[in-house]
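Across the two complexes that follow, subunit A remains constant while its partner is subunit B and subsequently subunit C.
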Partner chain A sequence: MIGKQILYLLVFPGLLFTCVLGLLIGWLDRKVSASFQFRVGPPIFQNFNDIFKLLGKEVILIKDTNITVFALAPIAAFSVMVFLSMSIGLVLFYGLGFGGDIIVMMYLFMFFSVAIIIGGSASGNVLSSLGAGREIKLLLADELAFILICLIPIIKSGYLLGLNEIVIAQSDGAFIGSISGFIGFLVGLLCIQAKMTLPPFHIPEAETELAEGPLMEYSGPLLALWKICQHMMWVIFPFFLIILFFGGFNLVGIGILWAILKYVLIIVLMIIIKNTNPRIQIDTALKFFWRYASPLALIGIILAVLGV
Partner chain B sequence: MGWYNKRLAKSLWVFHVSGSPCNNCDIEILDLLTPKYDVERLGIKLVGSVRQADVLLVTGVFNNKVAPKIKKLYEQAPKPVFVVAVGTCPASGCTFKDSYNTVEKREDVIPIDMYIPGCPPKPEAMIEAVAKLIGVLNG
Partner chain C sequence: MSKNKIPIGPFHPLLEEAEYFELTVDGETVVDIDLEIGWMHRGHEFISEQKSFTQSIYLVERICGICSTSHPLACVHAVEDIDNIDIPLRARYIRTLVGELERIHSHLLWLGLAGHFIGYDTLWMWAWKYREPVLRMCEIVSGNRNHYGIMRVGGVAKDVDTGAIPDLMKNLDMIDSKIVMVANAAKDDPVLKARLKGVGVLSYEDAIAYCATGPTSRASGVPSDIRRDDPTDAYDLVDFDVIVASNGDVYDKLVVRLLETIESTKIIRQCIEKLKTVKGPILNNVKEISPGEGIGRYEAPRGEVFHYMRSDGTNRPIRHKVRAPSYVNIPTYSASCKGISVSDALITLAAVDPCYCCTERSLKIKDIKKNKCSFNLLDLSRSKTKRIRRKFNGNK
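Showing the complex of A and B:
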């Protein structure tokens, strides 16, 4: 029994599966971005090489900073990511979930940003702490809209809080087919773009002026942990959207093809948004989420209550 | 170590150290990183922080003012790190060789693994140099 749970956590659908898929999707992202710019792009195992290389390099800890917090932040983020990947994968592939897990998910999704903020401010670098400050503002911006869109499937499924109950509620038609579901998906896509700090919301790590921002002082294996977390999010967030709005996976026969199509659709949309938008300012991001995205999500909730 | 070196050879992240050049070499380095030459297919990426660098691209002649800073940057980079000197400046001093504040022996400041001559070198020459470095790493 315990052995099975460890297998869930470490192999499938937890750590190993999510890492490998995430790194491959990271390659897909780089390759598609390269073809947007008429380049060839990196080879398929580029991300694996990057990670293995980082794992073998020296870790530099800075003397007059809080070394414990500095080193523990990526480890904490990584373990939360592994837990998230396991619980979302269990819902998707095995239909296992527990009573209130959507609320736990909403908390845990925030954790990566919190870890970035803690790690960035612990490094004692001016640019890092600036990046951490920007991350806080971005979190304030996207969190409201994200929670609002999480409420839409809850309302539409008849006030159920379990993720697998939401999937079962969609067995006769996914929520994306309704107007409120579509609005929720649209806003959700932008929110995860901001949560993953992808362009146009890569404000915290702004390479040009902040030089990687909060990750600036990290090197070697600790940086590798951050990079793995960022790649795992390429799997976790699209899977979460699939649970909420696409009715999960139905892994028999033609359903496997549908499952892959759903995932690829979300990935492609994210890559297109990423490649066609320049970075926006932090106040524009706040304005965008508070003035447009959150009211839109609120309209979605009202429509969901009305049953549209 | 052979296996690790092969991984390292496939993912060299470069950091640009500008040690008082005439700025022409820096422009050529930026040219190198444009889509036309597409060094990402070799796994090369420009990083903004020296803590993540595997290769330091050093341009310009070292004078008394920047030499300590270059040394500091080198010490901040996580090992193993390689230093590639871009241009004739770090190789021989170029037009600044008789200047009053030029450091006599650049090898005393930081160990330089590779020189790319040219004033400024073409991006093709830099790619060739990096390919040679990859060849060395692969044994």
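Showing the complex of A and C:
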């Protein structure tokens, strides 16, 4: 029994599966972005090569930093990501609910940003701490809208909090078919774009302004952990949206094709948003989420309560 | 939060070249900016004085990789100014043709870099893709994609082949349609407009006070353009407009540059039409330069480039002075960067299209009494190497 659980955590649907799929999706993202920009793009194993190269490099620690915090932040973020990938994968592939519910998931998603903030601040670099400050603001911006859209499936499923129960409640029609579900999905897509700090929300890492911001001082395996986390998010967040609005996966016969289509649809939408927008300023991002996205999500909640 | 200092440079992804800016910030707002140039060591003026006039032209071409025909043009203007040398009509058209091709590729290069700086890599790649036919045209005209090596005192070194004109026209038509497309896409993009409008404003008064030149000043409403104010080559024979905008923000600088590229394609079209009919020599053979001094000006893509040359009758200049447009445009940062956020300040730094390698000079300070160089870079560098070697090898 315990062996099976370790298998869940480390192989499928946990660490190994999510890492490999995430790195492959990272390749897909780079390839599609390249075709947007008339480039050739990298070969399929490029991301794996990058990660393995980083894992073999030396970690450079700065003398004046709080080394414990600096080194523990990526490890903590990575372990949270592994746990998230397992629990979401269990719901999607095995229909097994775990002890926690959607509220726990919301906390854990937030934890990744907190880890970036802690790690970035620990390095003591001016640009890193500026990036960490931006990450705090971005977290404040997207968190409200994200929590609001998480409420929509809860309401529509008859006030159930378990991810598994939300999937079962969508067995006679996914929530995206309704107006409130559609609004929730749209806002959710933008929220995960911000949570993954993809363009146009790559404000904390802004390469040409802050030179990777919070991750600036990281090197070697610690940087590799951050990079793996970022690639794992390409799997975790779309899967989460599929659970909330697309009714999960039905892995029998034609259902497998549908499952792939759902996933690819979300990925492609994210890549399109990523490639057609410049980086916005942090105050514009705050304004966007608080003035437009959150009220829209609120309207979605009202519609969900009304049963639309 | 207390006031923090953010170092931009000497090596930073925003700057392709070594340069140092120190932003004093309060939270995310820039309250002060400190410019520190001098991180690159050039010796072009000094080397030029060791070389003959014709060799100097090829030397100043290497001052900047982007304005690689603006410096030679200003340099030959300066030499021609000493003796009032006439230039054959066909050579004038060829000079203008190459100059305008360079303007287009420089502006498209800036557009791409600006896109990259604001995190819009798609715009970057698109702008640079459509820069490619311009470089192909340069190759047809001069044989090189960059560093054309075509300017000579009294004319140009290479004629445009009549057989190549249809090929040039074909490329020009392609550029024309693509530039209009990219320009409209960039001008009307709502996200780009929201990102750049009202950012890094350089007011009309400040543009005059800081002596800004080129698109930087024209975006602020100062209608200065050497091509029209002091026409040389074929600029008084072709028809073009000087693009002027009024707001002085980054968006206006973008618009000015984009519209200028369209004007440049018009000039190129007129030049190529003329090259079909105007025949004759391309080089007025100059045997020697008499003693005297001359100045040469040319409107480089970034603004006015100025060359001063003094001759003593030999075949080499005894003084050669270069003033690049970025030298006057870079100090405008202290007017345009204050009071805006860090992310805005960084795009403002890039918006004047700074070219640091054009700007930089090396100084040799000489003690007149002892007649000895008190600050010799070569000696400093050698003594440092010795120090380091001693440290690691243990007094060997």
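Note that the second predicted complex is superposed on the first by the 305 of 308 C-alpha atoms of A that agree within 3 Å, B and C clash if a C-alpha of one lies under 4 Å from a C-alpha of the other, contacts with A are read in each partner's own complex, and residues count from 1 in each chain.
Assume a residue touches a chain if its C-beta (ideal position, glycine included) is under 8 Å from a C-beta of that chain, and two chains touch if they have at least 3 such contacts.
These numbers were taken from a predicted model, which means no experiment stands behind them.
K.L.:
Between subunit B and subunit C, whom does A:D283 touch in the aligned arrangement: first, second, both, or neither?
P.N.:
It touches subunit C, and subunit B stays clear.
K.L.:
Using the superposition on chain A described above, determine whether A:F38 touches subunit B (first), subunit C (second), both, or neither.
P.N.:
both
K.L.:
Tell me which partner A:F52 touches in the superposition: subunit B (first), subunit C (second), both or neither.
P.N.:
Touch partner of A:F52: subunit B, not subunit C.
K.L.:
Should A:V126 be classified as contacting the first partner (subunit B), the second (subunit C), both, or neither?
P.N.:
second
K.L.:
So, does A:I60 touch the first partner subunit B, the second partner subunit C, both, or neither?
P.N.:
Only subunit B; A:I60 stays clear of subunit C.
K.L.:
Go through the superposed model and pick first if A:P200 touches only subunit B, second if only subunit C, both, or neither.
P.N.:
second
K.L.:
On the A-aligned overlay, A:A211 touches which partner chain: subunit B = first, subunit C = second, or both, or neither?
P.N.:
both
K.L.:
Mind sorting out which residues of subunit A both subunit B and subunit C touch, each in its own complex?
P.N.:
On subunit A, the residues that contact subunit B in one structure and subunit C in the other are 37-39, 207-208, 211.
K.L.:
Going by the contact rule at the top, pick out the subunit B residues touching subunit A in the complex.
P.N.:
Answer in residue numbers: 4, 7-8, 10-11, 35, 38, 40-41, 43, 47-49, 51-52, 54, 76, 78-80.
K.L.:
Over in the complex, which subunit A residues touch subunit C? Could you list them?
P.N.:
Residues in contact with subunit C: 33, 36-39, 126-127, 130, 133, 199-200, 202-203, 206-209, 211, 275-284.
K.L.:
Which residues of subunit C touch subunit A once you look at their complex with the stated criterion?
P.N.:
4-7, 12-14, 28, 115-126, 129, 191-192, 194-195, 341-344, 346
K.L.:
List the residues on subunit A that touch subunit B in their complex, please.
P.N.:
30, 34, 37-43, 45-46, 49-50, 52-53, 56-60, 207-208, 210-212, 215-220, 223
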